[in-house]
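Look at the two complexes coming up: chain A is in both, with chain B in one and chain C in the other.
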Partner chain A sequence: MTRRNFASRAAGPLLLGVPTLFLLALFVVPLASMVVLSFWRTENYHIVQDWNVGNYVTLATGGAYVTFLIRSLVMATVVSVVSVAVAWPVSYAIILYGGRYRLLFTLAFAVPFLTGEVLRVIALQGLLGPLGLINGVLMALGAAPLRFIMYTNVASAIGLVYLYLPIVVTVIYLSLLNFDARLIDAAKIFGASPLRAFFEVTWPLNLFGTLIGFALCFIPCLSATLAPRFLGGPNGTLYGMAMAQQFGESGTWALGAAMGVVLFLTSILAVLAIGMRVNLRRTGFTGFGRG
Partner chain B sequence: MYITLDGVSRQYGSVWAIDRVTMGIARNEFVSLLGPSGSGKTTLLRIIAGLERPSQGRVLIDGVDVTELPPHKRGVAMVFQEFLLFPHRTVWENLAFPLRMLKLPAAEIEERVRWVVGILSLGGLEKRYPNQLSGGQQQRVALGRGLVGRPKALLLDEPLANLDRELRQEMEVEIRRHQTALGIPFIYVTHNQEEALSMSDRIAVVRRGRIEDFAARTEIYDRPKTAFIAQFVGRSNRFEGTADAGGNRLATRCGARLALPAPGLTPGSPALAFIKNEKLRLDAAGTGAASGPNRIACTVKDVILRGAYADYILAFGERELNASRPRSERSFLAGEPVLASFAPGDIDVFDEKGEQAA
Partner chain C sequence: MRGRLAKATTRYALLATLALSYLFLYLPILHIGLAAFSKNANFPYPPRWTLDTFGRLFGNSLYQGAFLNSLVLGIGAGALSTLLAAAATLGLMRHAGRRTGLFLTLFVAPLFVAEVLVGIASLIFNGLFLELQGNLVSAILANAVHCFSYALLIMATQLYRYDWRLDDAAMVFGASPLRTFFEVTLPLIWPGLLGAFIVTFIMAFNNLEISFYLLGATPTLPSVAWGALRYGVKPELYALATAVNLVVVLGLGIMFVLMLTGKAAFGHRPERERAV
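Take a look at the complex of A and B:
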């Protein structure tokens, strides 16, 4: 075997192997340890290694954990739908009218990322809170303050949309950027009105990108901690927030680990549920190669 | 006329991409818009389609002023250079698309798609997606999608530019056959003169947003109206020279003397002449007078075999001449001295503005 031949043979395993090791070390191992921990117990801030399913029983029956999970699912769904609904016209407008400033517009959406999540949530608290900008101005004008944005689930939802909208805009923008807009011309020539052309061509061909945007918003929303904590009210506890408490104040790490496993499975199920409904061919996906 | 463009202009910024174009196209007619890239021919097609609005002028289709109508209300169809098939739809669904938009009953859609699958020999490919087809197959689907809705006119924007030569020639014959069978006008945009010549009834030569000439294909080829057309259509030998005192002879810069069929040049003025490669007759040197007008003694530099004919590259002093002769004639070898000659009627002469002079 020649040297070059060997190099080209080694390239495949090497290029695939390194990411595999990376995934194993940083993703699979921590996750596995989390699963193991979820079948142990914590007592007085100590981990007790006796195998049991008590944590899962607690999650299924005790307290408000099921409520938190359902509330989180509803919250994540609403936030993701709103984000997609806002991101679509914004991305579309950037593609259509952005001209040479397209990239600049897209980057501008990422600017809030530069400040960090805590700061962004605090800033929003300053906007929505009882003494915040909106209600402060309203009260100064002698009007009644808007109660539904003060420490409520609506406030949490606004916060989450604010946090994840840039991601959704970026993903949908990239999808539209790869979309051949001349297909719209073709649809129009063959008798489709502009609205019809959108639903026949533009929407299905960007559905895949839209769903990725949806998932990239939905999944972090499920485990969101900061926004509900600072913006949500007494009825605003979300699953992610409750989970964070297990690792913090309560010190019930094993229960927290079990919550993490449930969250992980829920996210996987959500992604699968979306994925099963999508026929990639119907989104113009061409990654199958020819034939 | 079935399709009429009346003083159509299109302005981009300060540039007139289309400048006062007026032309009429009959039902049953195959018309080519022939021009170099950037000449405005595609813009003209998009204006007829409604994808682009004229800044001035009117577009009429079948007697109706459609200038203000959006593309989906014009009833025309189009075949694009990049095919633009819907990638998320099968061949069958792509073909059914125009019919669904017409809201035809399912049975009729089925029948018409079957018809178009038949005439374009797409049988067996109905369930494939566009990216599973070869370039030629995609082209046929694009053509089928254009024909299936029985449009008022079919607009073709360089539809064969992405196909290889052999396939292109096959498709030329096929496209022409469908046009004849369907009896609707085809407006065909191309920069390829061979395509335009092989299919069209009439050719409009487009240059800088204007129609240089719009005439029968034989007219365009045999009697070019301007120097631009003579240069662009067919392959020719170009001569620059000065008219003599009688206005019917041309002394070229390269040393040849051309006798024109009729006087028409201003004596002493500069002029351009073109002689098509196939009009240059070749004889062995020494047969007849070597000097005199319309006779050029030169040497064969190279011979390029094209099958039925041969292209000769001839050396005449500093410059090269090109002659194209059938293989049935006597052939010459590289290095052989030959006498090139031509008839006065085969010279296309233009004055310095490029207008026809004789």
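Take a look at the complex of A and C:
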């Protein structure tokens, strides 16, 4: 009996403790070491351990980095807004007309998401590139190729929507799936027009899911490295891509770490700014599995 | 009358958006799929069929080694993150009590940190503070961090409606906690575990943004593809992407068939869907 008591008392700390330790050791501590490194400096590919804020001064005064960050913020905002705007009708259509094949429709969105960023960037090159499908069709018809989709910021934006639309659709779909559609009927019975029912019932009750979808698109877009590199062209350098270069060609790890800290703080601020707008109770959140 | 017209318009607008989105997602995939199977790879309309590209791809020893490494990476990170996420989900639901919010925040935090940051931070920690060279193990561990949160979410949606009274019943009749887990809990939650493993395996298999910084000199499929992409797109890359796409479609197809035939219920329990 004592052994069994011990076993059931040990289960909780063990089940929660092991994942917690795992995340502390492999997630929190590495992020902390990035913060430490950002206050050191790099000299001739060597890390020098003297504490200074030189990296941050470089980031704030070297105009290029500020430009990259602003460009990334604009890009991430545009891409996330477009993705949410497309994902809403898509998930709504799946919920309304999907019937018993709803899950298949949603899985069909997950297939491209799961094939990895590199392979999808390859596929995008097949669509947008100079020898890609769109320009191939145009040239086969005897028209001039479209310049604005080859190695421009527009191409990057199309690419990022392509990369992250699936996850936004999945999140909003899940939100709508857990939403009790009878509430709409109730609103309509009491005389609300479909439009009013949508904006006063459906939208606010799914706001939480929508914002999570927005955040899960915004954050990876903010730090995108692959899409701008292969689709963006000369004026398309984004912040994440510049950061990755510090760890590759230029070898300035300390500056890269500082860029990482700025990126991390920017994403946290964005998530908080989004999170502030949500009143969990009003969005129908009922807790985690305890009803 | 006006209402019916508005309704029909909404319906067609929604369905059109849906169709266009699928077209947008799948057009590139189908295009490079056709290109991979044809001699005129740049503009395969109409295609002149060939399997040469795949022959070159599968005969290339670089891609073969990279494929094996990716497989190890995917299985390692998938298994590790699924196991940890299963423990975390059970812990959260049964044992966290008032600290649920705290643990949940920590557990889903990796979702809100960009992959490339996880990669860079792990690189700094391993390379600078532990002075370890990158290899498959460090890549597996770092990928498992990112996959863990996804696995947790998948498991949580599966276990959301799990009836814990079944466990209590087994315990009341004298089963030990371990025996209860293996004879009651596990048989009921395995579809969730399998679903989480399949998804995290595919994610880690195809990951570049984390793996890139931690692999050292070990090639994986995405890193080899990335290296080749820098020198322009070649038909081999189309073939590679097509092969991976086919495998992913196959995996999700198996999941779907299992679900349709009722062999496994990946969180989809029609009889309980309407219950409030």
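Convention: the second predicted complex is superposed on the first by the 267 of 291 C-alpha atoms of A that agree within 3 Å, B and C clash if a C-alpha of one lies under 4 Å from a C-alpha of the other, contacts with A are read in each partner's own complex, and residues count from 1 in each chain.
Note that contacts are C-beta pairs under 8 Å (C-beta built on N, C-alpha and C of every residue); 3 or more make two chains touch, one makes a residue touch a chain.
Keep in mind that this is a model prediction, so the values were computed, not measured.
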{"item": "Touching partner for A:201 - first (chain B), second (chain C), both, neither", "value": "first"}
{"item": "Greater residue coverage of chain A in the superposed arrangement, chain B or chain C", "value": "C"}
{"item": "Which superposed partner A:11 touches (first chain B, second chain C, both, neither)", "value": "second"}
{"item": "Partner chain in contact with A:115 - chain B first, chain C second, else both or neither", "value": "second"}
{"item": "A:129 touches, of chain B and chain C: first, second, both or neither?", "value": "second"}
{"item": "Which of chain B and chain C A:232 touches, first, second, both or neither", "value": "neither"}
{"item": "Which of chain B and chain C A:174 touches, first, second, both or neither", "value": "second"}
{"item": "Touching partner for A:159 - first (chain B), second (chain C), both, neither", "value": "neither"}
{"item": "First (chain B), second (chain C), both or neither touched by A:209", "value": "neither"}
{"item": "Interface residues of chain A shared between complexes with chain B and chain C", "value": "180, 194, 290"}
{"item": "Contacting residues of chain A [partner chain B, same complex]", "value": "180, 182-183, 185-194, 196-197, 200-201, 204-205, 281-284, 286, 290-291"}
{"item": "Contacting residues of chain B [partner chain A, same complex]", "value": "49-51, 70-72, 76-78, 80, 82, 84, 86-88, 97-98, 101-102, 129, 131-132, 145, 149"}
{"item": "Contact set on chain A toward chain C in their complex", "value": "4, 7-8, 11-16, 18-20, 22-23, 26-27, 29-31, 33-34, 37, 47, 86, 89-90, 92-94, 96-97, 103-105, 107-112, 114-127, 129, 131-133, 136, 140, 162, 165-166, 169, 174, 180, 194, 215-216, 219-220, 222-223, 225-226, 230, 240, 243-244, 247, 253, 256-257, 260, 263-264, 267-268, 271, 287-290"}
{"item": "Chain C residues within the chain A interface of the complex", "value": "6-7, 10-11, 13-15, 17-18, 21-22, 24-29, 31-32, 35, 42-43, 45, 84-85, 87-88, 90-96, 100-101, 103-104, 106-107, 109-118, 120-126, 128-129, 141-142, 144-145, 148, 156-157, 159-160, 176-178, 199, 202-203, 205-209, 213, 222, 225-226, 229, 233, 237-238, 240-241, 244-245, 248-249, 252, 255-256, 259, 268, 276"}
